[in-house]
Structure formats: structure tokens, C-alpha cells
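Multiple structures follow.
Next, two complexes with chain A in common: one pairs it with chain B, the other with chain C.
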Partner chain A sequence: MTLQALKHLHRFDGGLAYFLATGKLKISTLGIHYQIPWLHLFPLAAWIISMFVMSGIVAGFVSVNVMALVWLERKVSGLIQNRMGPMMINILQPKMLASSKNPVLKWISVWFGGWLQTMADGVKLLLKEDIIPVNADKWVFITAPICVFTASLMGYALIPFAPQFPIIENLNIGFLFIFAFGSYTVIGILMAGWSSNNKYSLLGGMRSAAQLITYEIPMLLALLGVVMMTGTLKMEKIVNFQRSLGTHHGHWLILYQPLGFLIFLIAGIAETNRTPFDMPEAESELVSGFNTEYSGFRFSLFFLSEFSNMFLSCALGATLFLGGWSGPGSSYGIIAFLWLMIKAYGLVLVFMWIRWTLPRVRIDQMMEFGWKVLTPLALLNILWTGGEILLVKIQGYQHQYLYIWFPISLLVLAMLFMPKPKKKREHKLKFAPFL
Partner chain B sequence: MNTTGYILVFLAVGILFVIGNYFLSSLLRPFRPNAKKLATYECGEEPFGTAWVQYNVRYYLFAVFFVIFDVEALFLIPWAVVLKSLGAFAFVEMLIFLFLLFIALIHVWKKGGLKWV
Partner chain C sequence: MRFYAAADEDHKAQKGNIYENRIRLLMSNSVLFYSLAVLIISCAFAVVFLRNIFHAGLFLLGAFLGVAGIYIALFNYFLAAVQALVYSGAIAVLILFGIMLTQRHYRKEDPSHNAFKWIAFVLSFGIAGFLVDSFRSLKPGSIFPVKHLLYQMGMALMQTYAIPFEVISALLLVALLGAFSLAREKEDL
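Here is the complex of A and B:
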């Protein structure tokens, strides 16, 4: 690998990787060109250092992002359940905010109260004693959280956070890579459940594995529609395809694949073990399932990877269906990054909304829903997308909205033939989360 | 070297991140084990036997179904990538394949294999 190629590697990180790789500090607005005299003599070392720094940045991003996600989850659950959520740990927030009469300041003090709560929880978990039960299979017990966390971290290497940013750029298999490492999560969870030598953990691990493999199939099949339309597996190319569709800002693929997006969303919720489908971690039945025996830092690894998996599938959905980093002003790296974050966080909010609104389904309902509803629907989606592609190809239709007709008509039909609920609820609860 | 190297470095950083944090935590946390603490948790009762028992066979069944459909998806992916250039013939071919698998799904369904009792 030559230094010339290195120049174009990572434009997004403010020139840090470039600096490390070539020894030149490149801040074009200031016109600074500083050169470490020796580093460019060792391109391999420079490359390795720059890669380590880049992956370190991603790992740091994941942990900080997970902290924000956990805090957001607690705040959103508070909003939905008509309470405030974490309010105590807000050391940098002036006291006068809370007692202020100004509604804006009041709003800020309620919403950003306790913004350091996750940090405090993380420190607490770091300081907790680490317990390995005597009966556990020690080495499998120790390896399992590493397996789960690393697998969820690997997925971030493929997400194009900004133009030319994905850490692993030239990977032909594209998002299949994320699925490949997603399977390691299953293995890690099975390892955790089995090695704990605890009945709850075993049950949780087995259930989790069954659920993950059941919902992986509709997810893959739903994403096939996207692949058929774009003709590529590379995430970067899929984003560029969406930018090239329609008018100058592009069209999002959700317009052409609403059914696929719906299946992806449901399967994504199931894949990340969130509430309508959270049998593996059912607190009230299995005392949180496969991680019952884990404590301290090992437990926090499971927690971390659960949330980072959630963000990963949201970022995947935002990239494949919602246009990824594209948006007004996305020629600047940082704005493109912000666009992706906005879209991904929008999906995260949908996930949280669903989690705190719906009750848990039974395990047989969940498995049968995956096999008997989602898988045939995903096959139908493939069929229709293929038929439309052929129609466009053979008949020469330029009208790309053709893709949208079928799923919408399907939805309308489903709504028409939906059996109406027999009884009306007698007492309507007042739903006022914004008070 | 290029892409594989990236993957390996990224994997190494992931593992190092975990191990480093674990090491940091091991410097800070207490270590005072006792027999009660190291026992397996079973809602406050004395643990009753081992958990390493034979479990239900239907997990195995679902794993087999998963393998079938995952292989199907793997067959579909290369087809999906080149579908635009191959045209109608490839589409009909894949339709036959999908139809056969769908028949298989219906068969399993009717046999009660998808039922989680």
C-alpha cells in the first residue's frame, strides 16, 4: 500500500489518520504542513498506527453513544410513563434552572436533568466485584462477553457514517459482513447461557438463540429487495444509489420498499431482544436470562453490546432505507455524519416508543409470527421487487414510483379486511406524556 | 492485505478494548469471595442439581429450519446482485426455486414443525 493511497483513506477524522500515516498535519484552512521526519519511512507502521487510532475512535464513539442511548432510553421511558426519569446526577447544571419559571429553562432542566446518570452507572459497574460462580465453566464464562461485544463492535466498521468514511471500504460482501458477525452474537449468548450452569441462564440463552436465528431470515430476505434494486451489497454504493434516484436530493429507498422496511424494523427489534420480543431477557420470568450470573464489568459488557446492537441495526436501517448520510449539505463530512445520526436516532426513538408501549408476547406467538408471517411476506417482497425490475427493464418504464404501488395496495387491503375489535374499552386512560 | 488487514486490526482493537477495560476494572474493584457469593443463583434457594441437562429437541428442529432458509438466502444474494443484467430468465429460474422452498415451508407448517408447544 502506497502513501498516495493513504491520502484518500479517511477524510472524516479531521486529518488525524492522515497525520499519523504520513506524518503531515493537514489543516488546509490554516495552511499548516507539519511533517514528522521519520514516520513516512515506515509505511507499514504508519498504516498500523493509523488503523489502530481509527478503530480506537470507533470504539470510543460506540461507548459514548451507548451512554447517550441508555440515558435517552430512561428519559423516553419516563416521558411515556408520565414521570421524569433520572434527575439526580446533573453536576454541571446550575440549580437555578430547576427553580426557574421560564418554560424553556424548565424544559431544559427536566430533559437534561441527570444527563450524567449513565456515566455514574458505568463507574459503579466498573467498581463492582467480579463474581464467577464455582459451578460455571470458567473460560467459556469469561470469553462470552468478549465475543458478544466484539461482534457488535465489528458491525460499525461497515456503516458509512460519512462519504468515504467506512473503516473497511472495499469489502465486496458489504452488509453481509454485519450479519456474519451478528451470528457471533448468537454464539456468545449461547456460551454465556450454557457456561453459567444456571437454569435461567440456559433457558434464556437457548431462547435467545432460537429467536435470533428465526428473525435473521426475514431480515436477510427483506434486505434482498434493496440488493435487487441497487445491484450491490456495498453500503456506500447503496447510499449513492439513493442519491441518484429521483430529483436532485435523491429518493429514499423506503419509498420503493415500504414492506421490506417494515419487515426489517420488526426483525430488527426481535434481533436486538427488545420488548415485544424480549423473552430471552424477560426480567419477570427468567431474571434477565443469559446474563443472570454476570456481575460488574462483564454484565456491563452485555448491556453495552445490547444497546450498541440496537444502534447498529438502526444505523443499518437508516443507511439502507433512509438515505444514509445523504441530505442537504452532506458534501461536508460533519454534516453528513449529523444526517446519519439524526436518521438513526429517529429509528432509535421508534424502537424505544415500541418498547415502552407494547407488552411482551408469548414465545410461541413470537416464533410463529417469525416463521409464518414475516418469512412468507419477505418472499412476497422479493417476488414483487423482481417483477417490477423486469417490468421496468422490459417495458422500459421510467416511472420508478411503480415500486410503491403494490405494498401500499397491500396495506390498504389489509386495513380493509382487518377484523374489527369486538368490544370497546370501557375506561379510556388519559394519555398525556408531555405533561 | 488491505481489507483483511483492516478487519484484523479492528477485531484486535475490539478485543483489546474489552481486555483493557477489564484490566482497569480489576485494579479498582474489590475481591472478597465467599461460598454463598459464588453459589449459583436460584432465587435464594439452594441450587438444585446442574443446569447442564438435555434440553428440548425443538430448538434443534428450528436450527435445522434456519440452516435450510439461510442457505436459501445465500443462494439468493448473488442472484439479487446481478438480477438487473440477467433479466427474465434468471428471474423465472429463481421463482421456481423459491416456489419449491415455499412448498417446503408449507409442508413443514402443515406437519406442525413450526409449532412451538
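Here is the complex of A and C:
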């Protein structure tokens, strides 16, 4: 295939979903007009088939991606804790190279050793016995992991992985959809916690609900800044807005929304139940939290959805704040996809770095941080964005001058997070149902 | 002036949408509407008649989802998302949360009726009659998709109905403060 053909490969007129719904493949730049012969006669059947196919594509992508993420997490934790992580299960045996003197070979052997570990873990999980406790609320117990996993899959439909390649097109509510249907994760976790008939599960479920509701507010308020600047909720248009700023490949919105990005990052870590905020499954307090009673395939669904949620919020952050698929050479669909993956994986590495560096906070500290620090900061961010827009609109500033806001913003951030001498206050034990 | 450029573009784009056509087809066959109606009504009956209060809460969630589906069928994606976010994401979660905090016995079977059942029966029929009366003036086909609904809704909230909007926000603030003053510990006063 020539490079020219490759360049236009992604340019379906109407996107993947259009092709699947109508059977019409129309790539006008290459002069291709193809239609699957019988599909237009059965529109309802085509619609249903397209839904199944798209769900299959997303589920396949998520599964493979989660395998890579789990392996990466174990390797990163090994790096941070000064060990090698999983090294045993390979096909190409890079372990053999570990004794070589060549530093490059040694690096490869350490970093790619054990790259099939997740596959082995997955097979082990699937072969385990599927236990449903006798006193469990059976149907709620069975539905809970499905609910959590479905909620985590739905968000992927909105991420623009490449130009003109959204899975759902023309949804004008954009990323609001991800949050609207992402909130079903809470319901699934509550169902799991309640139906297990176990006090640790119940506590984990309640903590999770409290945490997710608390951190959803600053997250949405932080994203409001992006909406104020771009004037749209559509992900594709937000990426194009970032490309239109500046000169070469655009300015990323993180330059204009540093505080918003920080709030998004912290709230994202809290929403995906990762370590500084992993109260729902704090294994030193609650055995394993809401998934204590789960085993085998149902447990693996919880595990899968946790990692897929993490990747989803990283991809969202990369799209909204880091320019999405834009970058050098992004007119080629595959390169654009690689740019998005690189940016999302960069954020994933930040998440992992934070997870393996910081200790777990207490539940009351977490709630106080959410309500008393992050929410006011998010409101401040809205005020600030209004100031930026006023500068552009009334004063007629060029966008380049908005860079001046960046050092100011860093200064403000430093002042906000400066440790203050604090009066010592006696803490009485108050009514704290989640402790 | 590159701010708001995307919104203008959004406003200009007037293309036929294959999915809306698809759903319109479904609506004209009434498949979507009647399946959603069956879902909502059966969930509502389950909420009323189930004796396990946690299950009733879950079915309430199903009813909320069905209403979100109706909004999608009416092309109002924004309202559907807000329905999912506020009603099922916050209100249903709070209800389930309250049940989990207060319920002492696991899987306690509560009676689903009490002394008010006849009053409730009469009241709900009255409300149903009122709703049917108010919707009777609508004819089939009188509801149609509005282009750029989000844009128009924002304009209406910020310009035409700016004062009611602000009054509602003040009301919510008062409610928040009231909840806070009710829930705080009395010994601090």
C-alpha cells in the first residue's frame, strides 16, 4: 500500500459507525464507493449488528490494552521498588540475556522479561472456581460486575482515537456522555458491596460511593474551564480547537488550564480508586473491600474495569488537555492514533508513579480534601478561565500573550500548596460511618 | 477571535444525521417507544411491589434509565445525559446509600403497604389524570428534533431566563446551608 493510500485510509465519510450501520464504505478521496449488498434492506438488523460489532471492537481493544497496562504496572512498581518485577513467563526468553554484558540487551531483558505474565494470570483467573456465597443476594451479586464493566466500556465510544474516526459520531453532548454513564460504576460497586452479605464488602461499597460522588464534582467543574474556552462539548472539536491555537501543531490546553489539569488528574486518580485514594479496597483495613467475596471470572471483570477506567481517564485527559491525536504527522491516521496512545500512556505512567510513591490517605482526610480543597480550587479555575476569555475578548490580547498566565498560575499553585504552620487542634472522634 | 469558533462551526453544520434517521424509523414503528414504555412501567411496578427495599431501589434506577432512553429517542441527548448523571448517578445512589446506612438486617422483607395506601392510590390517579390532560393537546409528530439544542438551551438559560436561573441557584444554596445546619453536631453550637 502506498503512503498516499495509507494517508486516506482513515477518511471514511461518516466514520466507522456509519459504515457499520449502513454497510456503505465511502472514501471519496480514493474514489471508493462500496456497499455491502443486502444490508440496506434490513436497517434494524444492520443497526443491531453494528452495535454488536462495535461493542466487540471496544471490548477487544480494552482487553488487550488492560493486559499491557497490568504488565506495565508491575514493571513500574518493580522499577520504583528497585526490583525487576515479573520475569518468568516469556516466549522469547529475554531472561537469558540478563547475564549479558551488553547494557542494551540487559535493559531489554529486564524491561521485557515476563511480558506474558498477564496472560498466565488471566488464564488462572478464568480456571478458578466461581463461588457465589450461600447467603448472597444471588442476582444482584451476578449483575454487579457486569454493570461495572459495561459502564467502563461505554466511555470508549466517545474518545477520538484518530481524526474523523470516532466510534459514535455527532453526539453533541461529547464527554458529558462519559460521565453520565460512567456513574453506573458506583451503582455496580454498591450492588457488589450490598449483595456479598459481608461487612467489609458493605463498608467498601459505601466508601466507594461517597468517594465517587465527592470527586465527580471537582472533575466536572475543572472540565467546565475547557468547555468555556472551546465553546463545545464535542471531543473532536476540542482537539481541533487546540490545533487551531498557536502556529505549528497548536497549543495544548494545559498551557491555559494548568490548574484545571491538576484538578482533573487528582480527581481522576480518586475516581479510578487508585492508591492515595483506594479506600474502597484498602486491604489493610477491609480485606479486599467490595470485591472480597468475588472469585474467578467475576473478580477478573472488576479488575479489568478498574484498569480500563484508568486508561479511559488518561485518554480523556490526553484528548482534552494534551492535544489528543494532534502532533507531527497526524494527518496519517495511524500516526495520529499513536500520538494519542503515547500521550495517554504518559499519563498512565504518571498515575502509576503516584500510586507506587504515595501512601494511602485516611477516609476523612480524603473527604475533606475533596470538599474543602479541590472543589473551591475548581471554582477558582472557572473564575480564572473567565479572566482569560475577557482578556482575549475585550482587551484583544493575542493568544500568545496568554502564556503570561502560565507562570502566574504556577506561582498561585505554589502559594496554595505551601505548607502553612497550623494551629494544633484536638481531634474528637466524630460520627464517621465510613471509618 | 478564535474563542467560540467551535461553537459557531457547530451552529453552522447542518448535515443529515444517519442515526437520527435510524431512530426516527424506529420511532415511526414505535418499537423503541413501546419497549422503553414497557421497561419503565414494569420497573415502576417493581419499585412499588417488591418487598426488598434494596431491590426496589435498583428497579427505580432502571426506570430512570428508561426515561433517559425516551429523551434519546426525542433527540435530546443533553437531557438524557443529565437524567443519567443526576437521577441515576446521584439520586438513586443516595437512596441506595441511605438504605445501606440504615438497614440493620440484611435482606429484611418490609411490607410494601401501610395505612396510607388508599390515599396514595387516589393521589397518584389524580396526578396521572392531570398529566394525561396536559399532554392531550400534543399530537403525534408535534415533537420534532431541534437543531443545536445545547446552544439554544444555553442561550435561553443565560439570556431569556437569566433571573429565574439565578433564583434557582440561590434556592439551592439556601437548601445546602439548611442541610448543613440540620446535619451538624449540636454540641458545637
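Details
FYI, the second predicted complex is superposed on the first by the 343 of 435 C-alpha atoms of A that agree within 3 Å, B and C clash if a C-alpha of one lies under 4 Å from a C-alpha of the other, contacts with A are read in each partner's own complex, and residues count from 1 in each chain.
Heads up, the rule we're going with is that a residue touches a chain if its C-beta (ideal position, glycine included) is under 8 Å from a C-beta of that chain, and two chains touch if they have at least 3 such contacts.
Computed from a predicted model, the values in this text were never measured in an experiment.
Touch criterion not met for A:S77: it reaches neither chain B nor chain C. Contact with both chain B and chain C is seen for A:I389 once the two complexes are overlaid on the shared chain.
Once chain A of one complex is fitted onto chain A of the other, the partner contacts of A:L176 extend to both chain B and chain C. Greater residue coverage of chain A by touch, when chain B is weighed against chain C, goes to B.
Legend: residue contacts after superposition of the two complexes on their common chain; A:M206 is shown touching both chain B and chain C.
When the shared chain is aligned, chain B comes close enough to touch A:P376, but chain C does not. After overlaying the two complexes on the shared chain, residue contacts for A:K234 are found with chain C alone; chain B is out of touch. Looking at the shared chain after the overlay, A:N197 reaches both chain B and chain C.
Using the contact criterion defined above for the overlaid structures, shared-chain residue A:Y184 touches chain C, although it does not reach chain B.
Judged by the document's definition of touching, chain A residues 47, 135, 169-171, 176, 194, 197, 202, 206, 209-210, 213, 216, 231-233, 389, 393 lie at the interface with chain B and also at the interface with chain C. Listed in rising order, the residues of chain A touching chain C in the complex are 14, 17-18, 21-22, 43-44, 47, 135, 137, 140, 169-173, 176-177, 179-181, 183-184, 186-187, 190-191, 193-194, 197, 202, 205-206, 209-210, 213, 216, 229-234, 237-238, 240-241, 244-245, 389, 392-393, 399, 430-431, 433. On chain B, the positions that touch chain A within their shared complex are 1-3, 5-7, 9-11, 13-15, 17-19, 21-22, 24-26, 28-33, 37-43, 47, 50-52, 55, 59, 62-63, 65-66, 69-70, 73, 76-77, 80-85, 87-88, 91, 94-95, 98, 102, 105, 109, 114-117. Contact residues of chain A toward chain B in the complex are 1, 47-48, 51-52, 55-56, 58-59, 126-136, 145-146, 149-150, 153-154, 157, 167-171, 176, 194, 196-202, 206, 209-210, 213-214, 216-217, 220-221, 224, 227-228, 231-233, 287, 292-293, 296-298, 301, 363-364, 367-368, 371-372, 375-376, 379, 382-383, 386-387, 389-390, 393-394. In the complex of the two chains, the chain C residues touching chain A come out as 1-10, 17-19, 22, 25-26, 31, 54-55, 58, 61, 77-78, 80-82, 84-85, 88-90, 92-94, 96-97, 100-101, 106-107, 148-150, 185.
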